[in-house]
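Here chain A shows up in two complexes: once beside chain B, once beside chain C.
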Partner chain A sequence: MGRHAESKIITDFLAQIAALTTHAKDPDLRAEQEPLRYLCLTALWQLLNNAFQNDGSTPLSNQQIHLLQQVDIQVQASEALTSTALHDQVRQLL
Partner chain B sequence: MVSENQHHEQTRYDAILILNKPRTCFFIGNKNRFVIVVPDFLGIVLSDITLVGHRAMRAFIPPTVLERLAELSQSVADKQSFGIIALNKQAIVKIFNETESRLSGLSKAEVMGRNFFTEVAPCTASRLFRGRFRQGQNDGALDEHFYYTFTYRIRPISAHVHMLYNPQQNPLLFIFIDRIIQLYEDLG
Partner chain C sequence: MSNRDKLLRRLADGLHQGFALNWQNDGISHGWPGHSLWARAMRLKTQWRRARIPAGARIVVSLPNSPAYIAYMLATWMGGWVFCPLPALHTSEQSRRIALLKPALWIREQNGRITEELGAGTMEQDPEAAMIIWSSASIGPGSAYLLSFAALLWQIDAHLSALHLQRESFLWNTLPWAHCFAGILELLPACVTGSVIHVDAQLSRRPPQGCTHLLTVPRIAALLEPERLQQLEGGIVGGAPIGAKLAKHLSGSRLCAGYGQSEAGPGITLGDPGHFEPYILGRALVECKLHQGALHYRSSGQAAARLDAGGWQNIAASDGWIDSGDEVRITEDGIFYWRGRRDGRFSLADGRSIRPENEETRLLEQYPEADAIILGAPGWHHLTALARVPHDLQKQLQRRWQEPYHLTMPSDQFWKEAPIPHGKPNRRWVYEHWQNVV
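Moving on, here comes the complex of A and B:
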């Protein structure tokens, strides 16, 4: 799979995750979805970072950096809507 | 005591550059840092150059620092021109030098006494970075070089990281950081 195709899958995934959270009409459901979105996005960032940094034989490419930053923008948005207790728990977990 | 020549012998080179059309490019610089100049009028395109690996991973710590790890205190670390962070077994920051503070934008007060991987630099809580730290703790020694690209909420920067743990000399695990400028990105 090409790098562009890989990036598109990730960006589509980010859009889908955002839609599953923000499009929920029931406020209770939205409140439950947001922490899950935060966990999911944080884990995704970690997953990508681990894979891209690999064994440390080369620095990251511009495309890899851009993709990590795209995910992090979503993490930050979700972070603003979730508790610091959750952030600490997720950091400890990951 | 390691002589200057021996220090240079520690230099690691891992870059292989293949010019598909030789004698059409100029190199400006020295053997460690150089740029490739490709004149437009020769009709050369970047795909004519293949970069395998990357530029040299060069030893950047003076022997005087490496050999006197036991004496590497905060004040000694502050005199160095590269980043130095020292962690205890629990990954709590015990030394954070002036250079690292200036280049990272983090004050000493913000990081001293905090957990490096969870509170100071969460982007290093990775298999590569934290994994090496844990491996060093388990093995009781560590002397590893690797590249790491910091992207987390800062201007992205790549660095050559030298992680050193020699408990016979110092109970702290040292992280030496030499930031690099990427000269050729995605040439192919």
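Moving on, here comes the complex of A and C:
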């Protein structure tokens, strides 16, 4: 798969996850979706980073950095809407 | 938010907003953006979690300044471990320090490759424990000091305004980060402000084009042309006494004189920009007082304890004051000047008391051929200058030497065996081996 195609899939995925969270009308459901989004995004960041790192002897490419940043922006947005306890648990897990 | 999280948040912000390491290795330039270093650290942290390194364990990093050094430092803090940088040392001293630290992981370079060695490990109970840093050991053997996250944050904030660092700043690295001067006052502020650091793995003595900031020792500052020093936008010259010639070259620049100790974490005093005089230390950055001529200090940035075979030992009196062991004088307008080390003084066989450091500073300026000069030795009949001089400059120095005492230049073998942290031979070791060369 080409790099651009890969980036597009990730970008679309981020948009889809955001939509699934914000479009939930029931407040209880929305409250449940946001932590799940946070889990999903942090795992995605980690998944991408693991794949990009190899042996760590060279820096990431600009495109890889850009992709990680895109996910990171969403992680930070979700972080503001979720509990510190959840962040700590995820940090311990990853 | 814990102090660990506060520091990591500030480092993350700076690393993602412009920080870059311009790493020169074997003439090839490698640009490492902060994003990439952060991402690498995240990967390392996960790997170590998988290896079940328990929280609070010590991770020793024996690496030169490099992208790997920064990534390992960040990974250690991300994972809740204690960062223990270990400078390049003789094998026996390295073994002594490793035995004392009992790390869960020891990272070092072997045959050109970075290796990670797992150990049994000792754990710190205090979640505030950030870093175990070694003193430079120019007099006695090196000691290990514990710095908290709060102390590191204090050091960053206390020095940031004087350094005038910005995202556009370009620092020329000249000292190992494994010591607190560069490791805390250069690397951490540069990371949080998103500046660029230039590191040359082969330790070039020429600053890179466009360099704006410099934190260094007088020996290296003296290598720069006076015009170049005047062009710099900020930095600190410290770690050793400043002689008259260098003080003149630095006067009017935007650099500051600085004075500190590992156990102070390291900041104690800082001069006004461009105010340089022989032996100037600057103004108090922390609480300072004079007791029997010696400087005592107390600050929120100082080390919490010293590590020895019996565990952690207090370094401060019950009221928090630490005796620096440095004799100083203070002017009416609050400027400190160095007079010498209390433990650097010695007596000759005829009872004459010698205070060697100021004279050694003068000699080093007078004879730049020498990398180091030590006057000694305790109990001997005559004062002798022992000089470490590159082979091709020895004859020149011998010709130019016009001092009232004898000059000796020991063989390369002697200096190969001598511990030389920070470029300063360990005075105690040299005196112990004096009879082999004089």
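Things to note:
Throughout what follows, the second predicted complex is superposed on the first by the 93 of 94 C-alpha atoms of A that agree within 3 Å, B and C clash if a C-alpha of one lies under 4 Å from a C-alpha of the other, contacts with A are read in each partner's own complex, and residues count from 1 in each chain.
Everything below uses one rule, namely that a contact is a pair of C-beta atoms (placed from the backbone, for glycine too) under 8 Å apart; a residue touches a chain by one contact, two chains touch by 3 or more.
Bear in mind that the values here come from a model prediction, so they are computed numbers and not experimental data.
Aligning the shared chain A places chain B and chain C in steric conflict.
Contacts of A:S7 after superposition on the shared chain: neither chain B nor chain C is touched. Legend: residue contacts after superposition of the two complexes on their common chain; A:Q70 is shown touching neither chain B nor chain C. Comparing chain B with chain C, more residues of chain A are touched by B. In the superposed model, A:T82 lies in contact with neither chain B nor chain C.
In the superposed pair of complexes, A:Q46 makes contact with chain B and with chain C alike. Judged by the touch definition given at the top, the superposed model places A:L94 against both chain B and chain C. Among 98-106, 314-322 or 422-430, the region of chain C with C-alpha atoms clashing against chain B is 98-106. Applying the stated touch rule to the two superposed structures, the overlap between the chain B and chain C interfaces on chain A comprises residues 46, 49-50, 52-53, 56, 58-60, 65, 68-69, 72, 94.
The residues of chain A lying in touch with chain C in their complex are 46, 49-50, 52-53, 56, 58-60, 65, 68-69, 72, 94.
Residues of chain C that touch chain A in their complex: 16, 30-33, 35-36, 39-40, 42-44, 46, 49, 67-68, 71. On the chain A side of its complex with chain B, the touching residues are 46, 49-50, 52-65, 68-69, 72, 76, 91-92, 94. Residues 14, 53-54, 118, 122-123, 125-129, 145-149, 151-153, 156, 158, 161, 180, 182, 185-186 of chain B are the ones that touch chain A when the two sit in their complex.
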